[in-house]
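Two complexes come next, and they have one chain in common, chain A, joined by chain B in the first and chain C in the second.
Here is the complex of A and B:
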């Protein structure tokens, strides 16, 4: 007997087995349950990365660490199990057409999830009435932008992914090459969450003081979008002169500096993604249920200008705008402490997700398969029972 | 009534209300209203009646020192009760009958929707509310504040010797300690809810209840207290009277506003004196109006106003001074309220005929406006819904079905008892269906949009599944399970209503305001819950019966029951899986992502995973009948976790269904189901050891040359 064939058959048997299905489902259930409980103390973002978007993890129960397969590994193996056991080995069997259809639908969901994980961007564009933007910003990811005014009044932007700065320290700074510019930028310190405050005379600052202020590191927030990152940067000119800067993600304006008589700016900010159209907020409406503070309705009337044409669209809860591969949703509004007559802003969530509608098709396929399979069984069972004396 | 207000916000206001109530409504039993002292007291709350309780010495309940209010001589007329009950009120973001408002307000205060007066006579919620509006001194004696632990009232400095640990207190008894109650509640409300001790939480709840009561008892203060003017003064000349009614002020609001402007600029000392008097009058009127801020009984006139928010008397006054005069119909409503307030005579008895006339007049003035605004279309239906009390009859029918089922266990051969059981369970289920349908019509919503409605819907759906199953296989197992499920489900929904103490037909937050998704995702997944719970119930029956009787005693029974469990799980899987994915599609349209690992989403996923795992384990021969029954019980706890447990975590985007106090019920259910799982283990071990012993005694079990192994 061919040993390779034997191994192949053995692997096929393992990967198509019900035992593997049940084991993986139990692990998936366990991960889901533990990941749900962990959110209470650690927040969704961190838990999602650790439990559901990982290959392995160690779940802590007090001092005890329990190693577990991560969500990506379990779901990956489950996809293989469905492919091999739920489709390939079922071919040609009787009365399993519905089951095969269901498994196809489940695989469509898996594919949608995979595409979303790998190829989607999400964020928000926040606008006051009358304001317009042609980009959206990530809720979580950061970038360091080097800005250079051009002669025609435009601004040239060069960006560095915030993730590449995360390990910067004075001994091993993250170096941003000027690429033809007369200086380079070194990020010497990175804080995932920090407050920037003035240095007073009665205490020592734990970090360098620049222009009278310093970054005070703070513990991570449970809600990741509330973390305010800060970096210390050195701008080192070609002649060796150094300018120090402190950048904070909540700064209202970029930090400007001059090198060789030209002005530049550095900005630590949420990552920006361009949109193929410009969105202008014409009017934001918010209604509460009468005599309560409970929101009943909020919507944004926006003009979407693609360069060739423009149209007025109303975006409200459960009714997003879909255009050019992007989906804009009514997410929130503010400021929360606005008084009557104060200008309001509207925050529109923006998602670029190539698999946006796949779950809907998957749902239709799954529902059809389940109804076909169990419907037939039910009819057979009822017929048998009715015929019973 | 927005009862979720932070105490921080209402404390200063409530202080004024406390004062007004004490100076006005309660002490007004004598009707001795004199001009100067009243105004002085109103302007200087700390100076008179309300004084904080001393820290060291507990205060004896005030009722001891007060003359007892005499027992009621004349009851509210039937007309008064009917008219008042159907009056529209805007509360919690919607227009509802006053009877609904009365029911849920009393439920919140008293823990049930009836009360007892000081003589121990039972009062329905409408009588209580009318007493509180019209005769607050009397209603102040009703023990309607449910206190779970006497430590709460001890903490605010009251003596608790005369009361039980868990008892009901009247406002009159609590009154001396109200300032301290509000102070403590203000302090404790700074603490995050989950970090409060039980006593702190109860102090906050009691303060909220007292605040609600004060808002109601002070509602007609404006009507009970004519505003005195200085005799011979400019104002008295202007109005031609020494006493003003609140409605006079509203009617002349524009003139008074102009008069105030003129007097303030005047150099004439007399006119400046009149200016001060006017300011004092207006301040007092504003205080009176502020006491009524929670009760909005008057719709804005449809002809003149497109505004949605209804008026309170205080708001009518503010609007009048802001240059928006009240219309004739609005003034007529205000005058009717004044008549209602004035129906309390100087001898502390209510002129019931006058009160009835006032209520009829109020209805005549507000009803047409509300109807013209299209806000009363389903009001009568709501009154009918609560009057019919279909859910209570459904509970009675299920209890009857359960009792009949119990008797039929004792006499298995009797054919009539199962038929009667089926009839009673069917009646209960039909009543549920009618009740849910009425709710859908009243709300113009699909059947499920709140946690309370999930209980009703799961009970009804579970019962329909059970009865359908019984019609198909006629083995009585599903019938008995239906009776049990119906009874427990109705007890739970009643318990939830009592625990939640809020209108069960509330307004919905923006994201839920979509009938399409409520009808699809929510309805479908709730059917999945029902199937999961019913499968767990059948699994429990399987395990308990097998523990008692053993499988060999009736293999056909257990095989059939096993099939029913499997069928219910499969049915549940269809709805849970499709419902969960539909939820993801809704989330994609609302929040921009199909799946966000939010606790509620994870809970739904857990249900699907558990049901898929059980069906695969069955197919793979990993679980057989007993194992599937045990797994169905465990999956029932997963349904409960998804249904209620995830809401208790207090995180995620689905926090709109949060209800405190259901933790113990949830853990009770977990405990029962896990205990039954443990029993399944016992059954499995016992039967395995029996098989082993049979194998070790070949002559006894292999007489026909083979042994039988029970399906495990």
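Here is the complex of A and C:
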């Protein structure tokens, strides 16, 4: 027998088996249960990354580590199982067209999840009245931005993913290649969560003091968005001269340095994503429940400027703005401790998800398949009953 | 392939996936290709104190996210009707007026590049805010016209339950407006409030609209700009008033109504909240001297001195000891000096076993009661502080009221 054919047949049998379906569904249930429990001690973001957006993980029960397949692996195999089992095994069988349509709908749901995982971005753009932005920034992901001011007031910007710096330490700094630049950047220390303090004389700083301040490492916060990362960087020029900087995700402005007569700055910040239009907050309004500080509603009157034309739009709860593949929702406002008369900001959640509507279409396809399948069965049953003497 | 072979095969696939997953995480970071972007308030050359929010300078961390700049109403001239009040403009609401009889009354002028969505869309948006159905297509263009900023404008006048942005509807409201719409730039003048008051003020609105004009007759409405060197910051965002940043030359050795002369060798540290200035002393900056100013008596001389002594592990002062403390002339009065050796315990848990604290407290009075109290405190290892004892005294005596 042809060995390739044997392997091919074996593959098809493995990936189309009901046993694999059941096993994967059990793992999926287990992951959901364990992941939910893990959120008691750890934040949603961290658990989501480890349990669901992973291929493998090790679940800890006391000192015992239990290896498990991650959500990506389980769902990926389940998609293959449905494709092979639902479509290939049913080929040639009669009266299964409705079931095949249902499987196509389920695969659309899987595809929507895959596209969202790989191609979607989400974050927020936060504006005070009168302020404009044409980007939104992630709640979680970081980036290191190298900035150079241009003569026309704009900025030349290069970025590097913050996750690639997370391993940096004095023994093994993360060297960021400065292509075409007269210097290189070395990240010598990375802290996932830190505060920045002025160095007082009565205590020793646990980290280098730069210009009178230092980063004080802090325990990781359960809610990932509350972690304030900090890095120490060395800028090493071609002549070997070194400039040291401290960057913090909550600093108000970047660290500026000069090399070879050119001015640059480094900024550790939440990752930014450009929007194809500019949003300006014209007015933010809210109304509290009587005698409480709890808002009954809040909304943002924004101008959306695409460069060619502008239009006024009101974004309020459950009434998002959809434009150019982005959805802007009214998410929150602040500062929470603002006194009457203080300027308030409005925070708009922004989501770019190319598969935004796919689950809807997938559900429609599934509904159509079920209707077709069971409708035919019903008609056949009724016909038989009518024909029965 | 039997069931054992299938199981082994499946395990091999899973193991292979695990290997590829575990081996794919060792990429060296590289900057992306350069991209030219707009500057949304990023400032270069900002001091460390300002970057991390240790100073009250504009643009500090506490001000992050606040508007960087915006156009002002200065570009327009108008006659303010009697009873109308000016409110802080925003960069969108170049003119923002209210009425002293009812805070719900609003008059705003907004300019947009382009046609802002067109006449029909804007008329129907305003009608929607009043709870009214949209006009049939083309009907908005047939509304009466007026003049706004020298341009022909559609005149809007409707009443209803005003809900603005989805809020609880304010019944019996009226909205009167002028919409000058053009692809080259559009202007929207909108007057909203309780119908009775709007009816009373309608003539004033017409007069206001007629009086409204651009200061520079050569400037198009859409080109209203911001005067150079003027920027609005968080502190003035509420008022909308632009501020001119203070020249750097005013800042050194002078703050909170005080000026002083720092001894040689003292190095100024980044600004700290509640402190006018902080200096670091000694080769490693192991001692610290700071000046703080509090209103009134700052909690009282004795309680403050006792608190300082407690930080050094010493007990409170007796009345006789308090009366016997040395005084030196400073700020037109006499500063009380204190000298406490001991083991220092700071509020943040910092410790110096063999420490010395030198302190000075001076209350400035006005009409017999303390107007403000100045605190000067030097603390650090005994050797370092002893070496600076004379400099500390000179520093206290150098304090003056700033002009």
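One rule holds for everything that comes next: the second predicted complex is superposed on the first by the 338 of 389 C-alpha atoms of A that agree within 3 Å, B and C clash if a C-alpha of one lies under 4 Å from a C-alpha of the other, contacts with A are read in each partner's own complex, and residues count from 1 in each chain.
In the analysis below, a residue touches a chain if its C-beta (ideal position, glycine included) is under 8 Å from a C-beta of that chain, and two chains touch if they have at least 3 such contacts.
Please read these numbers as outputs of a predicted model, since none were measured by experiment.
In the superposition on chain A, A:319 makes contact with both chain B and chain C. In the superposition on chain A, A:93 contacts neither chain B nor chain C. Of the two partner chains placed around the shared chain by superposition, chain C is the only one that A:198 touches, whereas chain B remains out of contact. Judged by the touch definition given at the top, the superposed model places A:14 against chain C, while chain B stays out of reach. In the superposition on chain A, contact is made by A:128 with chain C only, not with chain B. Contacts of A:213 after superposition on the shared chain: chain C is touched, whereas chain B is not. Of the two partner chains placed by superposition, A:380 touches none, neither chain B nor chain C. In the superposition on chain A, A:297 makes contact with both chain B and chain C. Within the superposed three-chain model, A:309 lies in touch with chain C and out of touch with chain B [touch as defined at top]. Between chain B and chain C, it is C that contacts the larger number of residues in chain A.
Across the two superposed structures, the residue set of chain A contacted by chain B and also by chain C is 296-297, 317, 319. Considering their complex, residues 2, 90-94, 296, 308-310, 472-474, 507-511, 513-514, 517, 563, 567, 570-571, 573-574, 577-578, 581-582, 584-586, 588-599, 602-603, 605-606, 609-610, 612-613, 616-617, 619-622, 646, 649-652 of chain B touch chain A. Looking at the complex, you find that chain A touches chain C at residues 6-7, 9-11, 13-14, 20, 55-56, 69, 73, 126, 128-135, 146-150, 153-161, 164-165, 174-179, 181, 185, 196, 198-203, 210-213, 248, 250-256, 263, 265, 267, 274, 280-283, 285, 287, 296-297, 299-301, 303, 305, 308-312, 314, 316-317, 319, 341-343, 345.
On chain A, the positions that touch chain B within their shared complex are 17-19, 21-22, 25-26, 28-29, 32-33, 35-37, 39-40, 44, 47-48, 51-52, 109, 112-113, 116, 122, 288-298, 317-320, 327, 329, 331, 349-351, 353, 356, 359-360, 362-363, 366-367, 370-371, 374, 377-378, 381-382, 385-386, 388.
Contact residues on chain C toward chain A in their complex (touch as defined above): 1, 5-6, 9-10, 14, 17-18, 21, 27-40, 42-46, 48, 50-54, 59-68, 70, 90-93, 110, 112-117, 121-122, 125, 164-168, 183, 186, 232, 234, 237-238, 269-270, 272, 278, 280-282, 285-288, 344, 346, 348-352, 355, 379-380.
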